[in-house]
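Can you keep this structure in mind? I'll have questions shortly.
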Amino acid sequence: MAHPTRIEPSVLHELAMNRPVSKDRLWTGIAEEGMLTLNSNEFPDRKIEEWKFTNLKELKRTDFVHLDKAGVSPATDIEKYFLPESDRSRLVFVNGYFEEKYSSIGGLGKGVTVGNLAKYAGDEAVKEYLNRLVNYDNDVFTAYNNLMFDDGAYIHLEKGAKAEAPIQILNIYTDSEQPYIASPRMLVIAEEDSDLTIIEDHIGLSDNRYLTIPVCEVKVKQRAHIHHVRIQRDSLDAFHLSRPITYVEKNSEYHSYTITLGAKLSRNEPRVIQEDEEVDFTLDGLVLIDGDQVADTHSVMDHRFSHATSHQLHKVVVNGSAHSIFNGKIFVRKDAQKIDSFQENRNLLLSIDGLVNTKPQLEIFADDVLCSHGATIGQLDPEEVFYLQSRGMTEEKAKEVLTYAFALETIENVKVDSVHKLLIEEVYRYTKANSKPKVPA
Amino acid sequence: MSETKALESMIGEEYKYGFTTDVEYEDFPKGLNEDIVRLISEKKDEPEWMTEFRLKAYRSWLEMEEPSWFNATYEKPKFDTLQYYSAPKNKPKLDSLDDVDPKIRETYEKLGIPLDEQKMLAGVAVDAVFDSVSIFTTFKEKLAEAGVIFCSISEAVKNHPDLVKKYMGSVVPVRDNFYAALNSAVFSDGSFCYVPKDTICPMELSTYFRINNMNSGQFERTLIIAEENSHVSYLEGCTAPMYDEHQLHAAVVELVALDNAEIKYSTIQNWYSGDEDGKGGIYNFVTKRGACRGKNSKISWTQLETGSAVTLKYPSVILQGDNSVGEFFSVAVTNKRQQADTGTKMIHIGKNTKSTIISKGISAGNSNNSYRGEVKISKKADNARNYSQCDSMLIGQTCGAHTFPYIESANPTGKIEHEATTSRVGEDQIFYLQQRGISEDDAISLIVNGFCKEVLKELPMEFAVEANKLLGIKLEGSVG
Amino acid sequence: MLELKDLHAEVEGEGIEILKGVNLTITKGEIHAIMGPNGSGKSTLAKVVAGHPQYEVTKGDILFNGESILEMDPDERAHAGIFLAFQYPVEVPGVTNTTLLRESYNTIAASRGREELDPLEFDDYIREKLDLVEMNPEFLERSVNAGFSGGEKKRNEIFQMAVLQPSLSLLDETDSGLDIDALRVVSDGINKLHGEDDGVVLITHYQRLLNYIIPDHVHVMIAGRIVKSGGKELALELEEKGYDWLESLATVNGEAK
């Protein structure tokens, strides 16, 4: 190992140094890489441009302990989170660890492998791609996940395979006496002409503090299609820092929808990287926050080849003293011609103490492209409110209806019925509770 | 492609202002330390408070780091070999045109800025700044009749110390940023304008900046104060000779608008931009900021940026007064190896404040053109509004266009709308115009001109012609 | 005045032949209608004559007033008197109609040795022409086609034709997107503009336009060739029978699709 640079150690370093030893540890090479990155990089602070608006002080000050010392409660009553459509295509992870007893696989037809990574560690695709798709330079959180994970979710579709049911990856976080850190991991390889739907759910069962760092690697090969729904319903005292990265090959499609509801502080960094021509991808998001929640999305859509269509609709509703941050980068590299990329960030700021920061960002190095972005921050249109009032609604009801309609647009494209319904309920619950601007006590 | 060539020939026209004027300079040591700062102050015969202002700035500067957050890479200026003061030896007394060195007069004639009032555009008063010093200010008497003070900042320090003391550094504090601190320590000269209460300035005011000396940096300082119910329109133009070495231009411009006052500030920047390989050209690192202090005040920036090797410039407005208005209209054209990182800040503090940003970037050659803007609605700025539109046009495949808007709102009654697009000159558009008999070159001119139109129309009439010449574009004529 | 000789053209760089040997002669004072199903190459024909860079002439020739124009740029062809009313007129944001037309008019005038008009004279001149297509003067100051409805764009094309006074007008689907009143106005305009010294080519899918503008000759184009020519009664026959009965003519040589 190289000499670690002199940096100020954080809680991550301390935990990493004292990682419980296990004899038959898998992926020690990846762990070493993680250690190296962790040891040579500072914990980010607001002096860094990418973290200008997101303060990690509280996270940094939290005395996280290893899971085995955290006094975690068992996962109870989690069946209600099982999707009916995924009755036989479900993987459950509790605090980042695979729970076979809750999982159910085998209902997916030919050529579809769904299981825990450790079990398939010998698979060619796992050997070839695990941690090879991750591309978050110098990120201490990805490094920490690299260092700590020893299992995860694995989905592999052979050429031409179609997953007959949506695959649910359910991440449960339980209550604990001490705050802990979870390192969920996911690897999804869709070979040529395959097709699948993934529902990735993160649920905090209590209101305790923990940090989860989900790292997800996705490869969409030629002509394959992936529909990826990500729902974040973490504890309101939790930190959620996710790094989902996707590579799209020729004629493939990747459509992702991220719904952010929970966590005290979340930072979602989705990246889609184009590997060949003729691709189509979506990176939509819906953020509904309240209280003192902070939700940060830093996305990258990297167009490296000609003929791509990409869309990003990121909608945010902020109430209480919540704070939303959005930085959406669209890159169009040299010679990547005929790119049609559209990004829209719309923010609804309902309260006096809420705060919205947005920075849509276009970086274009090719001339035959059509790229645009738009960002708006505002309240509900008073004209629309008035219109509904004139039709007999109370002001409160009018605002509720309009907020609901505003939020609903992003989840319209979610294909799985029960998830669509679930999200509608979540949106409804939020808008009902937030039809009045909140002033914190 | 031929369309690219046509456009390049249009916007990449030979730099016409690259000549050098052969004048004798006063000797002045190179490098920077407290003694140099004192020496500058001494040369300018400044009062003690001004010297202190400079020293304080210098000490701040020493502690500051040169910024690097912008989207440009270049060789950093060598601050210890730069000459911080450069004045022609034959220094005029600033009150009679006859005292101006004929060579310098000739220079301005050649630039199309005759200093002889008879020859000038009627209705435009000019302050001519040659390297570090103000050479001559025209129409002084006529302006004085209206109560308007328009003179070099050096004169203002002597003749209007109270005003300078009150306002200088009040909009751009000494420690604001690295280059502002440097400017505050070593600024050489610049323009000062004071428009008293209830006064509409009777003519356009203009400063024409010319860097001539190869080794000198240029650090001018401009201060414009518009008292209650006053109005002033101001324009600056900039050119420089062609040298192989980079030259540094680090100016500070401060504007203050009180109740119901309006300041319109326009810039046509055509500093030498360097050659095809990026050799030479001006570093244009400028801090420009206006404060709408009074209620219903308005500050409007219009800029046409075509020159400089590297431009870092963000003319901003602090909207303090209730109902105040800030505007930013910009066309930035980059070609060859030019790099421009430019935009604006609109900081909404007062209630019902409004801002508009229209930015048009055109990149060609191997250049990089970035829009960087910040719009901020602070907690107390009820009903603040912003509208921003940032469009980029790319010509050729070796250039880049970037958009970095920072948008923040902390008030639910505020409303911000931002739109940005990137596109190219379309083949179909060119064919359509060609089918109507217009040549390919002219078709591209028309399209580019159309693209920039919303901004160009904001320039004062007197300068629209120069602007169009600069873009190399035939602008639509007087009908319509 | 216009003579197409065994004209073959394909999309540049793609090698797909769209015109497969078109022969056509248009004499001064005539109105020709070219009809045909979608995708038959009618619009391509108009664009090729106007010199669109997307198409490459691989064989044959285009003679205008007896001289080949294949090597001429689109603007030079416009100077020579060829006008194309576009099927989909292009938007040019920021450039007003007046500006475009004055530039056009004066460059064409200069190339023909006519006197250019100063802005005031020009303003008087175009206002006259406005009446011809019953266009609102405010259109003059709007950006070319930007935000125009489909019908307004088409009307604007004929207005431009009126201003530029071409000797050969190619009107590509000028009737589509027009309601019946607008169609009448536009047709009247075209009829008024047409004289014994100029030629008009109407490209249309439907017979409807030909009720208002009576053609001297009607040609049917299918799969890149003119398969049948006749008088105005041919249009009525097509209206009644459609194009199917002519398809067989298109595949006579067994090579076309």
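For clarity, chains are labelled A, B and C in written order, and residue numbers in each chain start from 1.
Here, a residue touches a chain if its C-beta (ideal position, glycine included) is under 8 Å from a C-beta of that chain, and two chains touch if they have at least 3 such contacts.
All of these numbers come straight from a predicted model, not from anything done at the bench.
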Central chain (distance from its CA mean to the mean of all protein CA atoms): B
Chain whose Cα centroid lies at the greatest distance from that of chain C: A
Where chain A and chain B are represented by their mean Cα positions, the distance between them in whole Å: 44
Chain A and chain C, separation of their C-alpha mean positions in angstrom: 55
Mean-CA-position distance for chain C and chain B (Å): 49
Parts of chain B lying in touch with chain C, wherever the complex brings them together: 426-429, 431-440, 442-443, 446-447, 449-454, 476-480
Chain B residues within the chain A interface of the complex: 69, 377, 379, 392, 394-424
Chain B-touching residues of chain C, taken from the complex the two chains share: 50-54, 73-75, 77-79, 83-84, 86, 89-96, 98-104, 107-108, 111, 119-120, 122-123, 140-141, 143, 160, 164
List of chain A residues in touch with chain B within their complex: 49, 334-335, 337, 347, 349-352, 354-379, 437
